[in-house]
Each structure stands twice: as C-alpha cells, then as structure tokens.
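Data block below; observations after.
Every chain is named by a letter (A, B, C and D) in the order it is written, and numbering of its residues begins at 1.
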Amino acid sequence: MKKIRMGMVGGGRGAFIGGVHRMAAALDGKIELVCGAFSSDPQKSKLSAEDLGIHPDRSYGSYEEMIEAENRLPANERMELVSIVTPNHLHYGPAKMALENGFHVICDKPLSFDMEQARSLQKIVEQSGLIFALTHNYTGYPMVKQARVMIKNGSFGKIRKVVVEYPQGWLSTLLEAGDQKQAAWRTDPEKSGIAGAMGDIGTHAENLAEYITGLKIDSLCADISTLVEGRRLDDDGNVLLRFDNGARGILYASQISAGEENNLNIRVYGEKGGLEWRQMEPNTLLVKWLDQPSQVYRTGGANVCPEAAAHTRIPAGHPEGYLEAFANIYRNVAHCITARNEGSTPDPLYTDFPGVEDGVRGMQFIYKVIESGKAAEKWIKF
Amino acid sequence: MKKIRMGMVGGGRGAFIGGVHRMAAALDGKIELVCGAFSSDPQKSKLSAEDLGIHPDRSYGSYEEMIEAENRLPANERMELVSIVTPNHLHYGPAKMALENGFHVICDKPLSFDMEQARSLQKIVEQSGLIFALTHNYTGYPMVKQARVMIKNGSFGKIRKVVVEYPQGWLSTLLEAGDQKQAAWRTDPEKSGIAGAMGDIGTHAENLAEYITGLKIDSLCADISTLVEGRRLDDDGNVLLRFDNGARGILYASQISAGEENNLNIRVYGEKGGLEWRQMEPNTLLVKWLDQPSQVYRTGGANVCPEAAAHTRIPAGHPEGYLEAFANIYRNVAHCITARNEGSTPDPLYTDFPGVEDGVRGMQFIYKVIESGKAAEKWIKF
Amino acid sequence: MKKIRMGMVGGGRGAFIGGVHRMAAALDGKIELVCGAFSSDPQKSKLSAEDLGIHPDRSYGSYEEMIEAENRLPANERMELVSIVTPNHLHYGPAKMALENGFHVICDKPLSFDMEQARSLQKIVEQSGLIFALTHNYTGYPMVKQARVMIKNGSFGKIRKVVVEYPQGWLSTLLEAGDQKQAAWRTDPEKSGIAGAMGDIGTHAENLAEYITGLKIDSLCADISTLVEGRRLDDDGNVLLRFDNGARGILYASQISAGEENNLNIRVYGEKGGLEWRQMEPNTLLVKWLDQPSQVYRTGGANVCPEAAAHTRIPAGHPEGYLEAFANIYRNVAHCITARNEGSTPDPLYTDFPGVEDGVRGMQFIYKVIESGKAAEKWIKF
Amino acid sequence: MKKIRMGMVGGGRGAFIGGVHRMAAALDGKIELVCGAFSSDPQKSKLSAEDLGIHPDRSYGSYEEMIEAENRLPANERMELVSIVTPNHLHYGPAKMALENGFHVICDKPLSFDMEQARSLQKIVEQSGLIFALTHNYTGYPMVKQARVMIKNGSFGKIRKVVVEYPQGWLSTLLEAGDQKQAAWRTDPEKSGIAGAMGDIGTHAENLAEYITGLKIDSLCADISTLVEGRRLDDDGNVLLRFDNGARGILYASQISAGEENNLNIRVYGEKGGLEWRQMEPNTLLVKWLDQPSQVYRTGGANVCPEAAAHTRIPAGHPEGYLEAFANIYRNVAHCITARNEGSTPDPLYTDFPGVEDGVRGMQFIYKVIESGKAAEKWIKF
C-alpha cells in the first residue's frame, strides 16, 4: 500500500479544525501529510510546518504557491489531495485552483462563503471528475450509518417525524469581543457569510437529518434570532420542517444554550417505530418499537449492518469518538483515490462520504432559513 | 385531623384517569371518597361504587342526583369536594353545578370542551370563592418545583430559550377504529373539542413551560398535523414560541412518535446556565452551567428548596413517581380546604396547585395553535 | 368490596417507615387503618392517632392493649390485620401476640432481633395458618417480577453470575452521635441486633438476589467492617457468594458510600444473556444478549409478563416508584385476606409477597455474614 | 519536530491489538512506523508490512533480525522505539533484546509470561536507563486523570471504599474450540501464563484502582472460577480487597458476563464524597458529594485539572475514546524520547504513563489472586 500524499491549506498554530483534519488523516496510516500552506502569515506558516515535521521545502506561504510548486514535482512525489481547513470565505479559492490543477479535495463545511461560489464549485467539481469531499463528519459515525440503513430498509415503515437538534452553549456571552479566534471569525459576516449558528452547526443538523432519513426538506419556517446583544450574526434558530414525503420535522441549532457542549442529536419516527442517536454518546443507537421493547444497537455490536461495521475499528465497548468518525471520511477518500490510482473499483462499503452536492444543499439551507427568519409568511419552499 | 369527604364524577369501570385520581386522593390519608356518580350508565355506576367500597346509598346515577342528594345530608356528612374525571365535554356541567352548590372542585384537564365554557367557568369560580384545582399534574413533581424556584431566583439569569416536548406513540395506528375506549373519545371532536393531541398533551407542555419559567407565551407559529389516515383530530404538532420576555421556544407534542411512552421533557436556558427535566425519570433535575460542571439535583437530595422538599414523601433514592406528583395536588387541595374549615391560614408551601386561570390559558393555547396550524401568516398572538 | 381493617404498631410522629406503610396500605383503597398503638409514649401515640384521623377510642397505648381491646369488638368491626413498623427488637412481641389472637400480620424487615425469635415466629406462623408478610418491598417492583420470570423461564440459560449491591452514604459520618432517630436505633445493637448495614440493607440485597434468580446462597465469604470511628455496628460489607447451582456472586451493602442515595441494583448473567435492574430507576429492566442488541423492558411496556403487568397501575411512561412497589405487598395481602374471608381462591397473580421463610433466611444471612466477617477460614456454609 | 521512528514486533494480519497500537502511535503525527517483524510467519510478516506501507527492506522475519539490522543503520535512520504487541509469552524476548540494544520499548500488558520474567525485565529496564512503557491504556483517559488528581488533592477525604469491575461477555461460550485466534491464545496457559481473565483484564482493573486512588492493595481474598466447561484458564474472578490505608474493596473481572461488552468501571468513596467512572462512556466523571448535588465532570469541560486537559485533543462534547486514551501513552512516550534526544526536560504534564513497576505489580496480582483462588484461608498478603 502506498500512502496518499496530502497538502493542507490553513490549520496553522492557533487553529482548531486543522488539527482535527490532521489527526483524522493520520489515524489509519493511509495518508501522509507532505506539504502545506498553513497560514496566510508566512512566518506562522513556516513554524506550523516545522511543528508538523514537514520538510521546509514544502512549507508554502500561500495555497497558490503550494499548488504551483507541487505541480512542478514528479508525479510520484507531488501531493495528490488538498485538505482545506480555512474559514468559510477562504474555501472557494483553494478548492477551485486545486481542482483545476488536478488535485482531489477535502474541504471543511459549509462549502463556501455564498451561494454563487457553491454553484460555481459544483460545476468545477463535476467538470474535473475529481474526488471532492465535504467534512460533514457526523455522517461518519457507525451508528449514523446503521440508522440510515435501517430506515432505508423500511424497518420503521414510512417516516412521519424528524427532530434534529444541535445545541451548544459556548457563545452564550459576547466571546468575540475578546481575543477568542474561533468566536471572532464565526460571528463575522465577512468571514462566515450570511449566517452564524445556522451555517456553522445548523447545516450539520440539516445534513444529518437528510442523510439518515434519505428524505429531502421540502419547505421550512424559521425563527432565527441573535440573542446575545452586540452579535452580528444569528446565534439561535428554531425551524419547522416539512419533508418531501410529507413527514413533519423540527430543527433546532443554537450556540446560546448555556451549559450544552456539542449536543447534536436526532430522533426519527416511522409508522412502526423510531430511533434516537446522540452525538455525545455516539456508539449507541436506541431503536424504539411500537410493540416490542426498545433495542440498544451498539458500535461493533450484534446485528449491525455491514455499512456500520465497515466504519468501526475496534470491538464493541471500546468507545470510538469524533476523531474516528472524522477519520472515516479521510479513510474513504483515501480508499477511492487508491482505487482510482490502481485502476480498480473501490469497495462500495468505502465510498460513502459527503460531496459537493451536500455542500450546495447546505448553502441552500442557509439561504432559506435566513430568508424565512425575516419573512412574514409561514412556509418557504426549500 | 378530619379527612376531607370527596365525591367523584366519572371514573367507573374501564376508565383510566379516574383510578389515578382515586389513588392520588387516597395516598396521604387526608381525603375519603364517600360518594360518586361513576358512570352515565346507572348499572355500571352502581357496580363501580361497589368495587370501591362506597355505600350503596351514596352511589348515584348522575352528577345532578349526587349534588342534590349530598346537599340534603348533614353538613358534617356531606361531601365537601367533587372530583371530575370525565371526558372533556363533560367537565363543565358538573363543575358549574358543584361550585354553585358550594362544593370545592378538582377537575381533570383540559378545563372544558370549548373556550366559552372555560370563560364561564372562570367567572363561576371567582364568584364562588371556592377552591378549584385543575390536574396539570406534572407541576406536582418536586424537581419541577425546584426548577421553577431556581429560575425565579435568577440562578440562570434572563431566560433565553425553552424547549418543551411531549411525545407519545400510542396513537401511531388508528386505534380508535377498534374498541379502545381511551383512543375513541380522545380523537372524537364531539368529546375532545377542537383539538386532539394538542388538547390532550399539548396543554400539559404549555402549562409546564409557563409554570417552570414564570414566562408567558406571547405569540406562536404552529404546524399541526393529522398523520394517521382516517383520524378526525390532530395527532402531531410542532410549535415555535416567543415568550413575553423575548425568549424563544419550541413546543412539540405528538401521539404518533412510535415507541415513545410518555416522554414529556423540558429544557430551559438562561444567560448563565440551564436545566433539563424528564418526566420519565422525574426525580432528577440536571442543572447545567456555563462555566461549572453540571449538577444533578435529586428529589429529597442535597440543596433542594423548601418548595421541592414539601412535596417529597420519602428520602432521596426512593423513587417517587406520577401518582405521588398527582397526589401532591390532592394533598394541597385538602390542606387548603382544611385550613378554610378551621379558619386558619394555609401553609404557603402547600397552596401550590393549578387553578382555573391555568385552565383558561390552556384553552387559549388550544385555540391559538389550531388557528395557527391553518394560517398562512407566520405569527399568531397568544 | 369491603376494605380490610388494619391496626398499626409503631409509626408515630417522627418515625420514617410507618408513614411508608400507611401510604402503601392506603394507595389502592383496599385497606382501612382503623386503630393503632403508634408509640410506646402514650401521649405521642394519641397525638399520632389524631394526625391520622383515627377515632380516639381506637388509639391504644401499647400493642397488648390494642390486641386485647380489638378482640373485644364485634368481628365485623375489629381489625383483621396488624402492621408492625417498629425497630427490629420490637417485631417479635406484637407479631407473636397478633398471630396468637388470630390477626394476620405485615411486619417490617428484618424479621426479628435474633435467630431464636425468627425460628419461634416461623413456628407460630405455621401453626396459626394466618397470613404473614414481610416487607422486603423491592420484590414488589414490576420489573423485578419480570426479571424473576425471565430467569425462571430459562431465557438466559443456566445462571452463572450474580452481582447485587446496596450502597447508601447517609451514615458516612457518626450521625448517631446527634439526635437523628433513624441513625440512633439502626446502629444500636440493643435495637438492631448483631448487624448494622448488613441487617438493615444487606438482607434486602440477599432477598432480592434469591427472589430474582430463584437460587439459594450455598456459602459465603465476607469482609465486614465498621469504617466510621465510634460506630457500634458494621457499616460496610463485601461478600463473595456461591449459589446452590454453582453460580458465583458478589454482594455489597454499605452505608458509608458517600454520595450514594439508595442505589440498590442487581445484575445477573446466564449462558445466553443477562439482566440489570436499578432501584433508583425501577421502571427499566435492561436485558442483555450474547448475540442480539440489548433490550429495554419497561414497566407497563411491550412484552411484559402477566406477573409484572399485574403489579403495574398506570400506562408505561408514567413512572411508578417505591411506594407503589411497597403497596403491591399490601394490595396482595389484602387480596388474600379478602379471598379467605369470602372463601374463594385468591388469583395466583396476587399471592406473591415475602413471608416468614424469607425472614428466617434473612436472619440466617445476618448470622452467617457476621460469622464470616470474623473468620480466618474462607468459606462459611450458609 | 522530528518524528520518533518506531519498529513493531507482532501485529500482523489477523491480530487485534497491533492495529490499536499503530493507530494510537499515528494519531498525533509524532511517531513514524518505519519497520517491523509483524509475524513469526515470514510470508505473513512481509504481506503485513506491505499493507502498512513499510519499505520491504525494513520488513523483518523476526525481532532478532529486526534489532540486528536496525542497529546497523545510521543513527538518524534507525528505529528508536520498539512496540511489542505479541501474546504474553512473547513479550520478554523482544523487550530484553531491544533494551539491551539501546531501544526504548512500549509493551502490551501484562508485562510477561511469568513472575521471573517480570522481575528480570524490571532489572533490565532499570539498568538500561531507557524508557519502558506498558499499555495499561485506561489510565490514558482524561477523566481517569481527573479522578486521580481529585483524590490526591483530598477532595473526598480519606478513601474508604473502592469497587472496580471489568465484565466482558465474549468468552461465554467455548470460543477457543473454533478458530477465533484471540480466544485461542488468551485461554491457552502456554501463551497466556497462569491466568486467563485475571491476567487479561483483571490486571487492568487492578492497575486502574491503584492508579486512581494512589493506594496499594495490601491483601486480597479471591474466588477464581472457570465457568465454561472445557476452558483451561479462569474466566471469572471476584476478589475482596484491603488497601494499605485500610480501605475496603471489591474487584470483579469476568469474560462470561454474557451481554457485557467492555464494561470496565470504578467507584471510589471517601469520607466526603466519591466518584464513578465508566469506560464505555469515558468522557464523563460523576462526582458525588455527601451534602451537595452530584457533579458531572466532562472531558474538556469546566473545572478540569491541567493533567486531564493535557490529555484532551478537542473541545468538550466531541467524544474522545479508546484510541485517544491509548494514543496518550504513545504521545507521552514520544514526548519523553524527544526531550531526551534534545537534552531538554520533558514537560511534567506529558510524562505520565505506566511503566515496568506497574507491570511487576500486575504480575504479582495475577500470582496472588490465583493463589488465593486455591487457598482455604481467607486473606493472602499481596
């Protein structure tokens, strides 16, 4: 096995999500970080590369420089995959250039700064024929895949109701007034785009609901608020949903739910039963039945489907977490690139990761909830 | 101590909530069931009385007969309190007549069949000067009282967000097509009124949210559905809420959430922290802080307020449940009647139970959510 | 239905368990408290009777007086059942006299002050042919009965392992040095007998383990300690168990497990699966399988056995607690007395309550663990 | 930063724990796997190396070959650290030779096949002055470190009681009769040593209890059983413990607790409170107080000590699991080797990992429980 060579844009000292991407990429030993443009500050970029054991020759001052320089390297040395871990307004540029230069891309979510970029990127990906993955990482959990498969198989009959929540509490105060870097850019419309909480975590909730249920949101009605005085973007949103099969839903995403950590959870109900999954205890999937005792499905446990088993590394009872789920996206991308490099067909169990169409849908969600938040009429078509 | 003498309207063989009221009344040994008009079917009424050890002379064929006959008894034998446990459309008649004849009343919720009856009853109660309690029984739990007191005391700062849910699954099929008596009347507009799930359990959620937070719903936006084909009333509702202090909220009540038992729960978030209470594990109140570890308050446990302690019968760790909470309403009503009989002032710790104004508010909620469910505009003023 | 007439010994003002017995007796409306000798202090006894609405004529100064006076009343007025809720050293006297005078008895646990009394009482009960119930109340929980039935039916194959725990923390300090009445007598060898924690709660654990598994303890090896300085009886015990079918076990009972409330719990494992029940969340029985997802059985829920259903009062999701389980013993005793009064056969579903043989076994347990605690050899035959 | 170069002994195709060690080593990007003797079967060893992207020149047929060959490489290419992930009987040989040739060692637990090897290895480690880590990986969890620090700081006063459990169910049948490789060697006295469950997981429980409490086991009394017919080593053990400060304890380790996954858990009680930690939900530490509500400490959450924070990679609510805890040992070893290479002092926050003395203590535990299991006398001195 040859490791896939990866370059990174963003993720220098002081960043949060860049480190997550690196651990996720490293975990399975199938990807090697060979170069990076870790910061727009060249000095910081260099120091970050040093921290990471990157050869100085391959520590770049900008993504443009990186792509150009790597392009000049022999094919068997040059990076093959670019990981983009910058704030939202800096996704489009490197993604576009990477794809246009023949590099596969893994990009953090949401897809882009605005809708126009999202649509443009979708075209570029389609024309390139390259692999593009978006890290809606929660879909990487085995029990999320179990949930999706059970619903798809009709275990619960027609789905009638979906409740998805993503409450956090970390922005309960005006943290961005201080020097908290994460709070600063995520609440800044110049960097985040038109939405705060709804873009940062609301899109995760939307993506998870559609991924698990296989349904599409048809229309929505949103109450979008900024509850911390002085904040420039929304920090709380409650949304009524109607899905394309007639199911009803609620989506709640918030960064002012004081005392909540990262309490993403989803409940789905069909005619015969339902399920419940909570991200903070991700190895348990509670399955409820109309006329039988509830069942506790577990990562690595009895009766799990092949799709869940394929995304599990260790036996049941050895908890796998956020990084492992995140790594499932990287592992699958590496698997698909390797198959492509070898001219083979990838194992269908390892081709499941969110792509550019998920990203476009996420941007659409952002636009629609913000629109609905301001509307006097009740329902907005998705 | 003399026991309070109680008569009952409804609750004969085959009923559900009547038995609950009787156990709640009996638990503390302060109330004696002395008579009843247990059924509109005289034979059934008689047999029910026999089951309950009621003297045949005081087993009546109708509430009118009961009130008239009891009125003829000597004051120290005659019932003092009437418990009304009939379906919604049969609350108003006995309540009105009982109050007009000088009897205190405990009535099951919702208050009445329609708004007109509710307003009328409110006037009658006020004019009578008698005690009228409505069994929004969930407010009887000690940890609910603890939550209310902590919020009132400002422990969490200004409240920003309220999420209240009441999912059940028992009406996931068209149960009313068979001979399930409970399903039959609760889904029958001639007996329930204009709402199904929203009246039956939505009002509990609304009452709980307002009781705990001390806030009032200012406006709402509802998606009200009938998801089981052939059903005549709503069985699922999702409601966006705005409270009078500006807090945002979600209310979800459903009887088609397959696999759910009686999963009433509430989460409240303020500036400094929040709380979470779940009816199915009612002795725990999870208190969350912005910058401290969460705390687990427990019925009978350390640091509970006098209001919670006064509604607890046994030491921490000996679980108290639904009947005990229900009994707290009966116990408090008995306490207040006794004080009145003795000309003393009731202990303020034991005067807390829902009254006619809660009932009027509940009817208003029913009307407003049903109106909003049909509206094209987004917000309906409460 | 005629209510069973009950007298009480003990349980006056300031007592704990007396109130529990009264609520348990009252809940189902099948038993009427008609008289009592509530305290050895005649004044207190009288005041307690007054609190409870007992006619002054039937408020007695001693159990002897009560039994004699009641005996002189006409058969259809006289008490039928005596509830004994005094400290351990005061069980034997009233139980013996009650039985010898033809009254049925419900007695708090442990059965008696010492082994001799226990054996004597067993003979008296057998000779009397009367009903004698011992309030090992935890066997009254529906999910405990469900567990017992599943094991009996062989759902788990041969039982191999039993872990039963009863940790409390309330005696973590020398509470008996102050004026805590409960702590005082429970740690006093003159009142409790030879054991402290092992008698007070260890016997509950032993009884629960044998009740649920249907096995008998064959031998044991105990480490019995007094960990709070100045205490006169044990406050912590850890016991290795071997059962008559070869199963291994652990029993842990403690009153110095600081921060624990009343955390009785049991886990049983057989060849094919196992189960877990926790008293503090008593409506859930977790059933584990070797090769299937775990199942969550619930009070009143799907698939429960008739034995569990018969001891459940309200639909699933309406939590029933300690008092309801306690009341199941009273309800069953009342049912059996009524059947006997009517010359009918009691419904076998309602004949299940702990009796004198459980009490003798509990005393045996106390003697054996205390003996083992002092022994140099490892195993003591039960 | 230069990555630490690591070689591996064992862990070829079909192995379990080897993959865990590799993921743990890879996660933080501080260690590079450069060579290995992955199997005693040379062909399998080669294929395994290929899977892992190891250069064929550095894929060795035996650990002897590996150590000799690596020794001939230039110092800046040669491996620095040997990871030993073979069955128990194959720990001693490679560990001894690696240390004697100047390589640091990370070894899976238990330390060795027998006591003699353990003592010998301890001397070799001490003489070598090299780093030796033993993967008692559960000590790597942040909340385990939090527990240890709180106890050390006296938060709970003197410790009185320790309950540690490690139930698994996977050996509930005679799995070793089939072709389950893990079951085969773990139940084979030629490979595992004198103990089965007690060596495999009992030592983890013992290590965790001593690590968290800072106490040492002083004496023990064990009931050691083989409950599955035909098995050659113990599969269940229940042990009474006495600690050097007088605290009482229970240790229970089992591989026939059907339906249990990997349910390691510990509860500790002191004079003022206690704590509870469960490996399957490792990011929560429940802290209980005698006179305050319980608190929920969380990985990455409020109030955690620096020792816990230093072993946490992502914000609270993003669950970290088994691999992250395992990786903490590798990360700390890498940190200490780097410091040594650079002649600097390692940060004390990153020097915490189990060493050879833990391994010797673990072997002692194995010998003593097996001895006690056969003894007629009660207490065996540790």
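Basically, contacts are C-beta pairs under 8 Å (C-beta built on N, C-alpha and C of every residue); 3 or more make two chains touch, one makes a residue touch a chain.
Please read these numbers as outputs of a predicted model, since none were measured by experiment.
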**OP:** By the contact definition above, name the pair with the higher C-beta contact count: A-C or C-D.
**Re:** C-D
Original post:
Which chain has its C-alpha centre farthest away from the C-alpha centre of subunit B?
Top reply: D
Subject >> subunit A-subunit C separation of Cα centroids, rounded to whole Å >> reply: 55
Subject >> subunit B-subunit C separation of Cα centroids, rounded to whole Å >> reply: 34
**OP:** Between subunit C and subunit D, tell me the centre distance in angstrom, where each centre is the average of that chain's C-alpha atoms.
**Re:** 44
**OP:** Would you pick out the residues of subunit C that each touch at least 2 other chains?
**Re:** 260, 287, 289, 294, 298, 301
**OP:** Report the residues of subunit D in contact with subunit C in the complex, numbered from low to high.
**Re:** 156, 160-161, 163, 165, 167, 169, 172-173, 221, 223, 225, 227, 236, 238, 240, 242, 248-250, 252, 254, 256-260, 267, 269-274, 287-290, 294, 375-378
Original post:
Inside the complex, what are the residues of subunit D that reach subunit B?
Top reply: 287, 289, 291-298, 301-303
Original post:
Taking the complex as given, what residues does subunit C use to touch subunit B?
Top reply: 1-3, 16, 19-20, 22-23, 26-29, 33, 50-53, 168, 170, 260-263, 279-283, 298, 300-301, 313-324
